[in-house]
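There are two complexes below, and they share subunit A, which is joined by subunit B in the first and by subunit C in the second.
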Partner chain A sequence: MEKTVRILNDEGFHARPAGVFVKKASEFTSTIEVKAGEVTKNGKSIMALMSLGLAKDAEITIKAQGPDEAAAVDACVDLVNKKFQA
Partner chain B sequence: MQLSGKSASSGIVVGRALVLKIDPIVIDPAPTTNVDAEIKRFRAALAKSKADLGHVRDAAMAAMGADKAAIFESHMMLVEDPELTGEVEALIRGKNQNAAQALSEVAAKFVAVFEAMDNEYMRERAADVRDVTLRMQRNLAGIEVPDLSTVKDPFVLVAHDLSPSETAVMDPKKVLGILTNVGGKTGHTAIVARTLEIPAVLGLKRATEVLKSGDWVAFDGDTGEVVASPDETTRAQFLRDRERQQKDNVELRALVGQPNASADGVVVGLMGNIGSPQDLGVLKKYDAAGVGLFRTEFLFMDRPTMPSEDEQYEAYKTVLESLAGKPATIRTIDIGGDKPVPFMKIGKEENPFLGYRAVRYCLDHPELFGVQLRALLRASVHGHLKIMFPMISSLEELQRCKAQLEAARAELKAKGVAVAEKIPVGVMIEIPSAAVISDILAQNCDFLSIGTNDLIQYTVAVDRLNERVQDLYDPFHPGVLRLIRTVIENGHKYGVKVSMCGEMGGSPLHLPLLFGLGLDEFSMAPTSILRLRRQLKGWKLPEAKALVEEVFSKSRSQDIEAALERARTARA
Partner chain C sequence: MSFLDRFLSGSKSKAEATGALSAPLKGRVVPLEQVPDAAFSGKILGDGIAIEPSEGLLVSPVNGEVVQIFRTNHAVGFLSDDGVEVLLHIGIDTVKMNGEGFRAHVKAGDKVKAGDKLVEFDLDLVRAKAKSTITPIVVTNMDAIASVETLRSGEVAHGQDLLRVTPKKA
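On to the complex of A and B.
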């Protein structure tokens, strides 16, 4: 299960948005990955997400694998679309 | 023994030192013989680090609010980051490394990743990774970080440096003062010390070598003078000075709630300058009659992107609401040139003070200026807002600024957003041409505010940051004083109030002169307000006017300064 989404908030994947994303992702048992360009990183790691250095308007693909993958992808996409206002 | 450092937070202290010396981490590269035990040890250190940070976060929340505490929330997430812990455990299992060795390797890798990023904000995150992994290393090595909250008697905290997680748990009732080897007036420790009103001298270089825990130490946070192991006479001297300072403070505190009035009952406004909503506490404490200058550029500095309209709106609203009807003059951003902001991409200029800054930039960038104007207009319904434009040199510029403000107002109105009907708009007078045409400007705005720092440097043609000509930067120059008199007279001629922000607005030497000239409002660092209120009580308007006569009869700035000095000492 995967979906592609564009980052809308001004500061991109900064500490706070990355933290909010990780918190949401960690609610699911599925593995969650974030792919930007050719690089794929662990969606449950604040360090990995920040190291992608993603700015506003970057496109990312959110992939989940596991029992709750559909819900996980939807929740994470929703969060990005809502500019990380959890 | 005498030491001298940078004065960072005011106050005189005599007390016993508590030297925060933490052993450096030494990592033994020896491989582990028991992988499972090593993993267990690592996880225990993780758990302890997370718990420690939980305490730090709670203490920061209580002392400084949710905003400051948020950073420790992300530190807690770093501690249990699956990438970090996963890689450390993989090194322990796969290469039989010991936990400390594995952690240091993984930490170095992540620090390097952040340091290599092309964005300053992300590069700074390397410091977070270091702060967090250092805590984990200490917990692995069983190095107890002294818990300052368990020390019974008050002490003077002496350290090489203090990290945010250390200052967050400081109890201001226990910490009499702070002395550090490194750091300066604008650093993190200095800001926290001033917020908590703990006297501090920083950048002492050898404080932790010279002082041992239990030693007497005496220092003056205003002069940066520190005496290690002072004898009884010196301690007594410091204690007497402290008493005098405290008595003075009590006397000043007693003036809270009293009017800013002269001996013959003429009332002026003594207002505060602020840079962010965080300064509101100090403003209230020193009983400001309002905000005479909110330097909004501080909301734009030290960040990778522009603050959004909502973020700015919240900041302006917070200030206006907290003032409960007292006026707040909010200045649109004065930025560019010497105060560069990365996302504004102005570039290096030969003469930044004469360059592309403030409204000159804003008028060319409606996408940035419009956001600020809309945020201001939206906030206007929450209090007594006055909007001020900086670096105006001509009527045309003022008209263009006002046109953009009206466009922003129309935009909001079309969307049905509430905006206050009447918002006073003012001009900052800091360019000599603006002072000279202040009669024209006064007929086209609601107030004038003299920004003396720039007005002086432009009038006498002295770059105030160039040390070689600093002696020529002269707040007593008769040319400067004549311009100021012109502005006040022109403002009053056309019925608009004239205020002053910048250093001169809080200068005790200038107070009677400006009062005599009829200045309506003085805006200054909030901590100066009560001192000027006390001074004002010693003057009657006719006396101040006589002083104006005397000053304007003199041709040389040194004679003017001497006359003002005599006037002040005669009433001290």
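On to the complex of A and C.
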């Protein structure tokens, strides 16, 4: 299960967004990955997500695999669309 | 990490084995709860401490690798040789300064030793333009960490032991 979204908040995928994203992703048992270009990182690791260095308007694909993958992808996509306002 | 790797890394110097992070800044120690940003004070990014700097020089708190330096040079992420992920974030709301006043001496992938120069910054400019100069130092892989202890309060100088981070046993 995967969906592609665009980052909308001005600061990009920086510290606070990464923290909020990992908190949400960690609520699910599925593995969650974030792919940007050719690079794929663990969606449950703050440092891994920050290392993507994504700015506003960057496109990412959120992939989940596991028993709650559909809910996980939807929740993570929703968070990005809401500019990481949990 | 294999058993052999763990065994070999365990045979390094005793100082490293304690997992102490040294102060990356000179200034005043501030509890994380008092940082004026909920992402840090609420520990969403992890546990740690903050320093209100009195000098614009950031040095490495660990021996390890620079995982990430944000394009505006105001935030640096590390993976220490002990497996601790550490994020240093100079000031609050400094992302809006777009890199003005920050000069990086390292890049992602660089190996660093504790005390190596990372970023020089214009402290007066940060005071004038950002919400705060208070700089959080947080451990971001808390799922792998048993405890984070603060070793110091009050004034601190570059390189003094600041935090003891104990990874969970394998």
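Heads up, the rule we're going with is that the second predicted complex is superposed on the first by the 86 of 86 C-alpha atoms of A that agree within 3 Å, B and C clash if a C-alpha of one lies under 4 Å from a C-alpha of the other, contacts with A are read in each partner's own complex, and residues count from 1 in each chain.
The rule is short, and it goes like this: a residue touches a chain if its C-beta (ideal position, glycine included) is under 8 Å from a C-beta of that chain, and two chains touch if they have at least 3 such contacts.
These numbers were taken from a predicted model, which means no experiment stands behind them.
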Q) Looking at the overlay, what does A:56 touch: subunit B (first), subunit C (second), both, or neither? A) first
Q. Looking at the overlay, does A:14 come into contact with subunit B only (first), subunit C only (second), both, or neither?
A. both
Q) Should A:42 be classified as contacting the first partner (subunit B), the second (subunit C), both, or neither? A) first
Q. In the superposed model, does subunit B or subunit C contact more residues of subunit A?
A. B
(Q) On the A-aligned overlay, A:66 touches which partner chain: subunit B = first, subunit C = second, or both, or neither? (A) neither
(Q) Considering only the contact definition stated at the top, list the common interface residues of subunit A for subunit B and subunit C. (A) 11, 14-16, 19, 23, 45-47, 50-51, 53, 55
Q) Okay, in this complex, where on subunit A does subunit C touch? A) 11, 14-16, 18-20, 23, 45-47, 50-51, 53, 55
Q | Touching residues (chain side subunit B, partner subunit A) in the complex | A | 70-71, 73-74, 77-78, 81-84, 110, 113-114, 117-119, 121-122, 125, 128-129, 303-306, 308
**Q.** Contacting residues of subunit A [partner subunit B, same complex]
**A.** 10-11, 14-16, 19, 22-23, 42, 44-48, 50-51, 53, 55-56
Q: Spell out the residues on subunit C that touch subunit A in their complex, using ranges where they run on.
A: 37, 39, 44-46, 67-68, 70-71, 75, 77, 79, 85, 87, 89, 95-96, 108, 140-141
